[in-house]
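So, here's a batch of structures to check.
In the two assemblies presented below, subunit A is common to both, partnered first by subunit B and then by subunit C.
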Partner chain A sequence: MMTNIGARLTQGQFSFLPDLTDVQITAQLNYALQQGWAIGIEYTDDPHPRNTYWDMYGNPMFDLKDPAGILKEINECRKTFPRHYIRVTAFDATRGWETPRMSYLVNRPAVEPGFALVREEREGRSIRYTIRSYAADKPEGERY
Partner chain B sequence: MSNLSPIKAIPVKADAATAKRYKAGVLRYVEMGYWQPDYKPLETDLVVVFRITPQEHVDPEEAAAAVAGESSTATWTVVWTDRLTACELYRAKAYKVDAVPNTGPGTKTEQQYFAWIAYDLDLFEEGSIANLTASIIGNVFGFKAIKALRLEDMRVPVAYLKTFQGPATGIVVERERLDKFGRPLLGATTKPKLGLSGRNYGRVVYEALKGGLDFVKDDENINSQPFMGWRDRFLYCMEAVNRASAATGEVKGHYLNVTAGTMEDMYERAEFAKSLGSAIIMIDLVIGYTAIQSMAKWARKNDMILHLHRAGNSTYSRQKNHGMNFRVICKWMRMAGVDHIHAGTVVGKLEGDPLMIKGFYDTLRESRTPVSLENGLFFEQDWASLRKVMPVASGGIHAGQMHQLIHYLGEDVVLQFGGGTIGHPQGIQAGATANRVALETMIMARNEGRDYLREGPQILKDAAKWCGPLRAAIDTWGEVSFNYESTDTADFVPTATASA
Partner chain C sequence: MSSPSPVPIPAESPSASGSVDLSAILREARVTEALEQLDRELVGLVPVKTRLREIAAFLAVEKARSGLGLASGAPSLHMSFTGNPGTGKTTVALRMAEILHRLGFVRKGHLIAVTRDDLVGQYIGHTAPKTKEVLKRAMGGVLFIDEAYYLYRPENERDYGQEAIEILLQVMENQRDDLVVILAGYKERMDTFFRSNPGFSSRIAHHIDFPDYSSAELGSIADGMLERMQYRFDAQAAAAFGEYIERRQRLPHFANARSIRNALDRARLRQASRLCAVPGSVDALALSTITEQDIRASRVFSEENNRSD
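Our next item is the complex of A and B:
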């Protein structure tokens, strides 16, 4: 059980708000599309803060400009992975950026056990820290 | 292109006029070649605008020529040794003077002029802010023929920019490393800034990060004092950072200030921060341009984000008639290679006119900035793909101003709520949560296309219905504003200072 306010993983740009409704998700999709960004859906059951490469639910949808169509993909991903973390990422290909410009969660497991902090005491009072997800002790696909 | 020339040899003149020019004695600067109204700056020239207040009886062209002369090759008298050099190339050329609007007879301010001066590229050593500034803001600022002098703006040629590393990390890579996109980052400076022990200090860091901030920060004058040595601070802060990261599943950081009396000490502190796994260190502007460049190179080499606190800048950037504009510091710091710099809040407790601050932020973040006199940008500047610097807004800001902060500062900025986090009536975690909820709520509203600047107070009130910490923050600080007139304002349009 996580002990931070909200008791939940706070990755993504809207994690301190109540879970987004489909209407709210669509509005954010619209914003990204207006900027000319491509939207990708990614999922994982290993939410370690340094786990960069969540699995892609297909390639970013460079050619899909219809938010309703993208929402349908999101909902299919949710149906396939109901207990995974799922995030929506908007990719900007503009020179000088060429990087994600938005990233927010649209699905999370009902129970989030959180992370352990493992300390290895070293000389001179230094400590080497490792963060370990409780859920990731189990094999992929059996974690939540 | 015809204006790319200067390879063509400048012939050594040996006519009668030249012989007269180099006769021993004193000449007016305009007669020595520093005033050239027909000169067209080359693409490779460094071009500068100064604000000059000449002494009485010194005409503006002579004042401009004197500034050009004293910031390049001149001395007070004619020297024959000029003739051993391609001296016409090395002379800075004042080519334009304009009266500054709203100065002179009939106004409250004595007559000032903008003087435009071009410097050949060969006057400057590659990759050295120290060398650049030794000319441009060297002796010339104490020169008696002018009452006051202010460096307003500088066009740095692409050829010169490309000799600088630029930001060690830059906005794009910083965000990728932190895994944070689409919203401003949130920070706070530990308070009280002086006096806490390492153990107590780390407590503030832990609470603020766990509550929802991305960063906590040492203050500019926290180095290694009797009440807290630097090693203790680093150790306790990293415990706090890692505890908070585990508690939230998010990447967190604390800017460990490595400012010290010598470079050796700074490198030692930076290496220790790295060995503890810190993502970011900080330095103060007062360490000097060369030290800043050294730390930027170290940061690039060691995958470290480099935060710069602009401690000391207001001693020369605040008054309008003398010193230098902060936008020039922004340019130099982007060249020198820092990743963060404090650049104003518009609505907080420190100096900052909204139009001027937009000029600073654009200078730090854009790939190319067009001329924008209302924002104080006198030149178009191509940044030659130097990375982008993340501006930091810090000083007297709170959650109740979130709509204004996003409106004025955009999303690529670190918003630092020190008092607004630590002074929260329900505690530090609640203070951090209030700020984060206000931020995410406002970004969501902006993206939804709402008129968030106008509706901002209502948007925050609605979020406060389900978020107790935000409600308490608005009840405590909702009415606080710092509504004073700025001293550094645009010359070209009437301005107003924003308030809550």
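Our next item is the complex of A and C:
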């Protein structure tokens, strides 16, 4: 049974669409900048959906007017981590929100093996389910 | 930059493929308006204004050429503004950003003004992120580097300024569509700076020199400032201020329009203490009039060989 054909990671916005082009990313960045959100670039090689804390690439970017600088940073991150997942988050610091308002993938590994369903037998023949990424079996840095 | 779809041109006669009204481009982009505003608000600076018009015309031609599908490589727009302090370099840079934005050569048209402190770090590995941070903020606009020659310290070969220069040069070359860099500073020191950093001068297309103001121009600058602050000179004060300008120009540390502004601020200070010293009520006319004695109290008049003030 495979519900996610191609095993593409579907996390964040636009993840069911084909990968965003640089022009499309620029348009999204422009929107976030217009809203006054701070933009951060994050990467990881552990794509488990509950892994919320990805590593930051550089500092979050405040006070920018134009997405060209961010796109350059994204491309540098892609060069450094070509086989990692890279996402862009836009943080809204407005009181009451104080949370990321946008988050989308801008880079993914060439091959994504996907997730295994893990069954754990519990007392009374009950079964607990969880998932684990095939890639996460290998140590960090060798996963993709 | 939104331009109409390029018109295919027959190779033998590029001129036959259509025509473009250049003044319409300037008018549409409201550049003429910006230039006229510059003319109205900035006193003097004739060579600068002429040069600015030339650049605006050149940019309009570039835009028309790309509209007709003629070859138009992104023009190099980096500039250097040289001149003594207070000659309006920052003000003109602001206007330049606006003109470039209106013609569509920078996307956002904001101005980021920085000095060495904002670009160069304090320890190894600090400079590159700092410079890149500033460059990122300036993307889509104009980066104005005041007193740019401080970036290069020949006496210290381990100075981190060199690192900032290298990053700047790289971005100036590779991301010409993304930002315009304007370097500013005193004429002689900028010349030395360019001589020792040939990479810079070859990447800068426009060198603009800001002349010092004449006494008459300084006088009308003072009038404009007073008008904006809603003050006025009485007849004797106007004469005294003319004399003040003559004397002040001969003293060291004369900073053109900035010195005038400071002089006016001090005259307002003296006017305030004069008004407060007198008991009784004052009317609006007295509150907005600067008299001769407010000007004559300046140290410029009392000593012949004094320092500024």
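Criterion: the second predicted complex is superposed on the first by the 135 of 144 C-alpha atoms of A that agree within 3 Å, B and C clash if a C-alpha of one lies under 4 Å from a C-alpha of the other, contacts with A are read in each partner's own complex, and residues count from 1 in each chain.
Quick note on the criterion: contacts are C-beta pairs under 8 Å (C-beta built on N, C-alpha and C of every residue); 3 or more make two chains touch, one makes a residue touch a chain.
The model shown is predicted, which means the values in this text are computed figures rather than measured ones.
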item	value
Clash-or-fit label for the pair subunit B, subunit C on subunit A	fit
Subunit A residues touched - subunit C or subunit B, whichever exceeds	B
Partner chain(s) touched by A:Arg95 [first = subunit B, second = subunit C, both, neither]	first
Touched partner set for A:Thr10, first subunit B, second subunit C, both or neither	first
Touched partner set for A:Asp66, first subunit B, second subunit C, both or neither	second
Partner chain in contact with A:Arg125 - subunit B first, subunit C second, else both or neither	first
Which superposed partner A:Thr21 touches (first subunit B, second subunit C, both, neither)	neither
First, second, both or neither for A:Ala116, with subunit B first and subunit C second	first
Closest Cα approach, subunit C to subunit B, once both complexes are overlaid on chain A (Å)	15
Overlap of subunit C and subunit B interfaces on subunit A (superposed complexes)	none
Subunit A contact footprint on subunit C (complex, rising order)	107-108, 110, 129, 133, 135-137, 139-141, 175, 178-179
Contacting residues of subunit A [partner subunit C, same complex]	58-59, 61, 63-70, 72-73
Complex contacts: residues of subunit B adjacent to subunit A	172, 175-176, 179-183, 210-212, 231, 235, 238-239, 242-243, 245-251, 275-277, 367, 385, 388, 429-430, 433, 436-437, 440-441, 443-444, 447-449, 463, 466, 469
Interface residues, subunit A side, partner subunit B - complex	2-6, 9-11, 13-18, 24, 27-28, 30-31, 47-50, 52, 89-90, 95-104, 114-117, 125-129, 131, 133
